[in-house]
């Protein structure tokens, strides 16, 4: 909790180039990923990304309810991003707010291009994301975990989706913003991609960045996504070690 | 401890993840692979099976998508004026039309379908009609099809069914021969085990779970045979 | 439920785009005609009707005095809401805002908030107690594609023309005087929506084009050559396409900004004239 400050700290990066949580500028927080943690779901994953703790379940393809939601030529992908009341420093009122509705939507759009949805017409694939603890960057952690939960469910995919954010903090471009940096930094740029073909499936930005800064951020995100991709693949294969 | 050691010695076949490149495009494509820019990729978590001619991926997990000719185990869920609605544990609910269950039904009987086959009954049926995004039509007309009133149900991931059946039925035949029990395996991952003796039923359950867990390892049939042997000897004692 | 788009329509549009043409004979980097009518609603503190081709969006600004958020006692409050009114499209249904309406509102909000267009620090009457609440309400009246840009143009124009009464503290109470002043606007952000079909990018996709796009992205620039918001709405983009989209949107955003400034300038003059007349009549 030490660096979860109520007021903006004077410096988010110190004179030695270290951030509040002791990381270097282009250092990822530690990522732990576990596949198949839930019994009932068709696929599931649990991710710890820094202090973010997120659990994802995939149900489906399954019969769709209500029936009129059925699409004639593909499965309907539905995502629900939800934060537990105790997941934030101040209690979050349970239930969907506008932020989580938007996040549910952009996460869905980030995962959708990776799936062969046309294989399962008229069905639903439901992705349930529960943020148990948040420390900045929950959407990229959610996407990273959801994509392997989908693979765990045996849903045909073109590629996994890896995600990471970059941003601008104290005038410097940094990788993987924590909550203080997200809150007090100058810009936040979450990106998700299918690493095999380097296709961007999620990109959002808020804050202010020049085009050069944007390009640099994009580059460090791509490199990070490649690393995260390896973590994802390892976690998937780990499940089947006997 | 001993057990654990044996486990680590098992040989695992190569596991691929979605989007992983398997081979250049110079082979016939089997299931669960796709082509992009001259290469063949896996579209699922699974085991690669590749030889000079053909490449495919055996999935480690899947849901059941009905296909014509499949033998499945289902549970009657509802009755309509002309058919029974059957849960086949798939995204697509199945229908069993009256004509595919009884061939000569009297008019009076047709008005009381709910008494002919009741909600909750377990059926072994064949998929007669299935297609893209279509609710499949089942039939009970055929050898060994019909209602089942005895035994226990075991649910497995449909992806594991081929391993539980084994090559040309090798695994299932060993199970049935050694235990003397009836084992019906639905393509949809629902299994009916029917034994005289509960201990044997429990043993079959244990073995099915073992196959499910270790389906991606080599030499599984031998290990199952050995385990069966040991356990059955204990049963006799 | 959205209608099924026949593949033939997609192929037709895609083939045109490949040749650098479009169904409404625009160039790939050309916007439809933009018509901005500021101060459309008398009862609103600020408003603008924006017509972008066949898309019609009305934005109204309402101001209220209220409490600041606890974590920002020194700032006014900005609240953006979008209504996809059922009269605008057969696809819109009555009921609470769905994910599309919420996404639209949040992207417009982000462009304005992150560019710091409206200086919220100057919207404070007494720190921690009384601040101005600025409500941006976006009403989609006719949907012919590219709601993001039309809505941002509308919101920014409405903010630029909005007026608020002077307010001050007296004996621990807020006093409002009938002296109106413009809102503390510091930047004019402009949003540019770009669509991709196959390998080609285009700006300002209309409804027919949106239905067949492979990807859509919205990029907002402040007017100091900085990106202040990005939202990929659907589909995928390669890294090169992303960089191209950023360049393209930088160029187009300055054109849109010019248009907004033109529209507002006229409005200010009209306002001055009206004022002049009134004075003459006296």
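The first chain written gets the first letter, and so on, giving A, B and C; residue counts start at 1 in each chain.
By definition in this document, a residue touches a chain if its C-beta (ideal position, glycine included) is under 8 Å from a C-beta of that chain, and two chains touch if they have at least 3 such contacts.
All values derive from a computational prediction rather than experimental measurement.
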item	value
For subunit A and subunit C, chains touching each	none
Chain whose average C-alpha position is farthest from subunit B's own	C
By mean Cα position, the chain sitting nearest the middle	A
Centroid spacing, where centroids are CA-atom means, of subunit A and subunit C in whole angstrom	28
Where subunit A and subunit B are represented by their mean Cα positions, the distance between them in whole Å	35
Distance between the centres, which are taken as Cα means, of subunit C and subunit B, whole angstrom	55
Overlap residues in subunit A, where contacts from two or more other chains coincide	72-73, 194, 197
Of all residues in subunit A, those that touch subunit B in their complex	42-43, 60-63, 72-73, 114, 116, 119-124, 151-160, 194, 196-197, 232-233, 236-237, 240-242
Subunit C-facing residues of subunit A, complex	68-69, 71-73, 98-99, 101-102, 104-106, 109, 112-113, 187, 189, 194, 197-211, 214-215, 218, 222
Partner subunit A, residues of subunit C touching it in the complex	1, 4, 99-100, 102-103, 105-106, 110, 113-116, 217, 222, 225-239, 242-243, 246-247, 250
Interface residues, subunit B side, partner subunit A - complex	7-8, 10, 12, 15, 17-20, 32, 34, 36, 41, 43-45, 59-63, 65, 91-93, 132-133, 157, 159, 213-214, 216-217
